[in-house]
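What follows is a short report on a single structure.
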Amino acid sequence: MRELIGSLLVLVSFSYGLIEHFDEKVTLAPVRNNELRVDFRFNSDRRFDSRTEVNDFLTFPRIIQELLNRYAVHKLTVTMAHGRWNLDEWGLPPQPSAPAGAQVFAEFEAVGEEDADERMKFLVEALNGVLCTSISHIKVVTAPDFVVLENHKNRKRNLFKRYGVLSGETTCTENLTRLRKLLACKENGLSTLLHPSKLYNSLYHSSHLVIEQHREKNQCEAKMEVGVTVVMRNPSQKGQRPWSFADVFDRKLGSQCKIARSSQIDIIGPSGEITTTDVRNLTAISGAAPIDVSIPIAAIAQKQSVVKAWSSQGGFEQQHGMLTVHITNDDSASKIQVTQIIPYYVHLRYSRIHWKCDKGGNPSIEKVLKNSKGLEAPTLLQYKMSLSAGQTCELIIPFDKHLLRLEQYPPDANHGMHIPASSVFVEKSQFSYSIHSNAILVLLPVPDFSMPFNVICFVATAFALVFGPIQLYSTLWLAPVVKKSQWGRKVHRAILLVIIVFCLYAHMMDINLNEVRRGIETYFEKLNELK
Amino acid sequence: MVESKEVQTNRKDEGDSSSFNLLLPVSAAVAVRAASFAYSDYFEERVEFTSTVYSFERVKDGIAMLDDGLDPFETKNMHFLPLTLYVVRYLLKTSPVLLASLWILLDISTAWIAAQTAQKVWDSVHGRDDRNIGKLVFSLYAYNPIAIISTGILSLTVVQNFVFAAIFFFLVSDRPAACALLIGAWSSFTIFPFILISCLAFRSNGSIFKFLSLVSLSIFSAATFFALNFLLNGNSLNFVEPTYTSILKFTSIQPNVGLYWYFFVQIFEHFRSFYTNSFVILYFFMPIPITIMIRRDPVLHFTIIGLLVSIFFPYPTLNQVSFVLAILPLLEEYKKHFRYTLLIGGTIITTIALMPVMWHMWMVSSSGNANFFFGATIVYNVALINLVMDMIFVYSRRQIDLEYSDTLTKKTKMDFAFY
Amino acid sequence: MRHVLLIFSAIIGSQAVLNTGLQLKIDELFDTPGHTNNWAVLVCTSKFWFNYRHVSNVLALYHSIKRLGVPDSNIIMMLAEDVPCNSRNPRPGTVYAARAGANLYGSDVEVDYRGEEVTVENFIRILTGRHHPATPRSKRLLTDHQSNVLIYLTGHGGDSFMKFQDSEELTNVDLAYAVQTMFEDNRYHEMLVIADSCRSASMYEWIDSPNVLSLSSSLTHEESYSYDVDTDIGVYVIDRYTHYTVNFLNKEVKALNSSANMQDYIDSCPARKCLSNTGVRKDHYPKDVKRVRVTDFFGSSRIFQHLSEEIVLDDEFWA
């Protein structure tokens, strides 16, 4: 019955030129003994004729279409991640690669740079609404010249690009809930495996949302990809038994997504062979008879070698610091493009930035430094170079840590602030990918947060010290004393003394000024009552 | 209107320049400066000797950006004018050693000019006596460790002190036009020295027209430099915001030895513009009462205004006051009236010694917080302010001495009265 | 009697229930509510892991009012610390308010403001409705003159203030002004302000706007106390006042037609249980709290108001 309605809907929509598809896939690959990598990919696409565009949506989420249309977005990538991808053991990270925290890359149309900044602000807020994130205070950089993310490598003209990373952003259940709400099948199919109980008890988890829209004449194509990647460790220390769905997701697969075009489970064996199970072909699947799979525990024998990147911090005090990005090439020559965002709270020592490479010295390097407009705007450093096989290069960025205004500090300023991870885009002859290093936490010098009034008073006093005499000497005349009544001075001193005594008394007796006020109020209230 | 009884300057004195033997002190001063280059690593990042607008390391950042074909003024932290960047870049490209020797030459010339001018002032006031004030002033500047270190780290304050000395020289030797030109030029870099123009009131022979023409001359000079910067920057005005605006609005709040940095860290956002405006307006208003008050002593007036320029500049270094402190011996006749000499001297020395300690406690060992360093800087500034206050006092006190010297006894108390 | 009635009504149909004598009698005990929709602002102002209990306070109340029909879109939840996915949490992705309780952080929680977005400014903006135009709908309190609003604040407080994020304070005057602005903008019908913190009675003392009922977990000179500790998690998991509130809601207010009144609720945490005297402020609330249902604030029933007079909608309305 349901399928019938579905096909009927499809038929109806065909007449409008509307085609929508939904694909789901989960890939399970053991990456190391006892460690399992799980990749969910949900793809949704929608083709329609913009002339007869109707607000009919079959499987594609309407809110995404509205987002695409309202902000004229051509491509938007949002990633959220927690933990650090272990490049050594786990191989190539999921693409688009995600640094810890949140990352936004947007390509969209706008009238000018200022309009683009404004639009990006709205877009970020809209994303907050869609994804339940809190990235309003993301600091966005303007138009990176070199490639940052693999899926944004194609250069398009006339498009405005904005890129931002927020390293401190946490990602938790509520984000996953919102991502699930974008899927065509929320309550059945593979999305039921996206259950928070196990996913957040993991070594690494990242999720991304990529949406894009192409327009050719009147034919529009909108695409959405929702991906979740988790690397989890088997809690049972024995690790002899193969993994099952119950181990991985705390549940079995008890339903099918009937409207999906494809719905498959891929299991990658130790030698790289892929076992595919098409969920749609399984007939006997229900809540009572869920399916389960057996996942081998052995690690994949042949690991793909990848370029590695990591960041470290130097310096021992709170004034100067040094960020070093280490990049090690794999065993074949590759072209890399390095992107590093420097936030406003560190001051770049531009004359001291340099590269240090082993094996064959420094290759020729193209570089771009860009400052974004606006208050608290970050600086973008980008480099393009070729590395020979096995070469290690270090990008050394010395910086001064800035003292900030009181309200620019986060609530727990002593925790420090992040310098975002650098992104490395690797281009081989056959393929390309991007990786991220780790963010570093910089301890900034902090003022004393408890005493703004004292400082204001002290500095104002210093000013008074110079203006007092100037005023005095320019309006009065110094002269030998004849005789003068001391009464005024005595009364003045007495008043000062009384105030000081009261202050001391209040201090010693722990008198709360609010209580004093309350006391006075109740006294007056009593007086009123007596009347 | 404006009298200048006490400093009778005339050009005849110029011939007596080498009133003390120069060779030994100058070579010693050059030697210590050359030696200080060897230790520049220790000092080039010290907060006491560098600030956002004087640090040579930061000039190098700007030059590196120019070399890479970038616009240095896109970054909000580049507080140097295009002229500074291009001139230093040219010097660096030509020869770094030349730069070092130029800096030594400038610093020694500062000391020498100060000494010559001081001697001239002294001679005109006291006549020729045995005291070799020139030598004292020379030593005070040339062997001031702060000045030595600042030369060693190629601080831009060295150039500034040189200009300062030159202005003093031209002021004393009665060449107001040259003075106005220099003040204008210097103001085009850091704006704040413009109040030195009030010193020219003593050189206008009481004619308001002459004074105004001197002011316009210095504005013209500042405008010329501004135009030069504008042209050097490729006809773009984007250098104005990081340089001039940042000075007038105190936007850089990095620690220095000045008054404002911690204040503008802590101030509530709603009051920020109120305080920036008040501070700037009060500062530029200050020379008016002072000039009206101290009308009989151009040297004292110059000293006070020079101190104010140094105290209230938003991004000062310790070297900022070196020149003014060096010419203090010229105030010999007021000496007995200074009330807090020991207190002020002791405070300045103590706070300068404490600054690195407090800095270390805050920044390195984290055993103290920002208040420690701020405490040292504010006390240092209050000491300087007290010095200014005392100078104003001694002037008034001396006027009484001059007028009522016959009736005063030691026990006579002084107080203020309406005039 | 009641069972008989229920069966009877089930046969006749739901319409009949409203007309049965019992229901009418129950209704007579209460004033007719004047609101049509319910909103809630639930705020946890405390940062740091050891303030786990403040997050679970908010979540426990969130689940209770959601059970009573307030939809997610009408609940603005602010959590200052990411407790569920905190690396100190032995059970990642979960929050528990009791040792053997249910997970409060399942897959149906929507947090609107979290982490550094929980600021005094944002809180005031929510109340007054003065947002940056980019702010999404889910982060706005879109109330009107027929909304009953529940404002619940939990965190660390002192005399006359509530600490936000360990770095700034919401003073009672700020709160009073925000509520007054809401009143002037016609943004609420009735309001219930609950403050669960130490010395929380001071939070409402400046509120002078009409139709506001204010409750607090302790009087101005008192501290508030936490209820339960979970030794596995290693921190206190809920505060006393909220524990008894949620307990009351779960036991006495099982459904929207519950006959529990606000006085019952106010009495639900006596001093021997709460270890502090709860504060009540009724002087700006015209109704008798005994004649007000708890679900007027904690639930959301669809209440339709009938218009008896004729209304002409002019062009301005349709434009």
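The chains carry the letters A, B and C, assigned in the order they are written, with residues numbered from 1 in each.
Definition applied: contacts are C-beta pairs under 8 Å (C-beta built on N, C-alpha and C of every residue); 3 or more make two chains touch, one makes a residue touch a chain.
Just so it is clear, the structure is predicted and the values come from calculations on it, not from any experiment.
J.: Which chain has its C-alpha centre closest to the mean of all protein C-alpha atoms shown?
T.: Looking at where each chain's C-alpha mean falls, the closest to the middle is A.
J.: Comparing the two chain pairs, does A-B have more C-beta contacts than A-C, or is it the other way round?
T.: A-B
J.: Cα centroid separation between subunit B and subunit C, in whole Å?
T.: Distance between chain centres: 63 Å.
J.: Taking each chain's centre as the mean of its CA atoms, how far is subunit A from subunit C in angstrom?
T.: Distance between chain centres, rounded to whole Å: 31 Å.
J.: Would you mind pulling out the distance in Å between where the CA atoms of subunit A average out and where those of subunit B do?
T.: Roughly 48 Å separates the two chain centres.
J.: Give the list of subunit A residues in touch with subunit B in this complex.
T.: Subunit A residues touching subunit B: 316-320, 347-351, 367, 369-371, 379, 400, 402-407, 445-448, 451-452, 455-456, 458-459, 462-463, 465-467, 469-474, 476-481, 484.
J.: Residue numbers of subunit C touching subunit A in their complex, please.
T.: The contact residues of subunit C facing subunit A are 47-48, 80, 82, 84-85, 91-94, 103, 105-117, 132-139, 159-160, 165-168, 202, 220.
J.: How about subunit B: which of its residues touch subunit A in the complex?
T.: So the residues of subunit B in touch with subunit A come to 45, 47, 57, 60-65, 68, 70, 74-77, 253-255, 259-269, 279, 282, 286, 289-290, 292-293, 308, 311, 362-364, 366, 369-371, 374, 378, 381-382, 385-386, 388-389, 392-393, 396-397, 399-400, 404, 407-408, 412-419.
J.: Inside the complex, what are the residues of subunit A that reach subunit C?
T.: For this pair, the touching residues of subunit A are 82, 121-122, 124-126, 128-130, 132, 134, 136-137, 168-174, 176-178, 180, 195-197, 199-202, 409-413, 449, 512, 514-515, 518.
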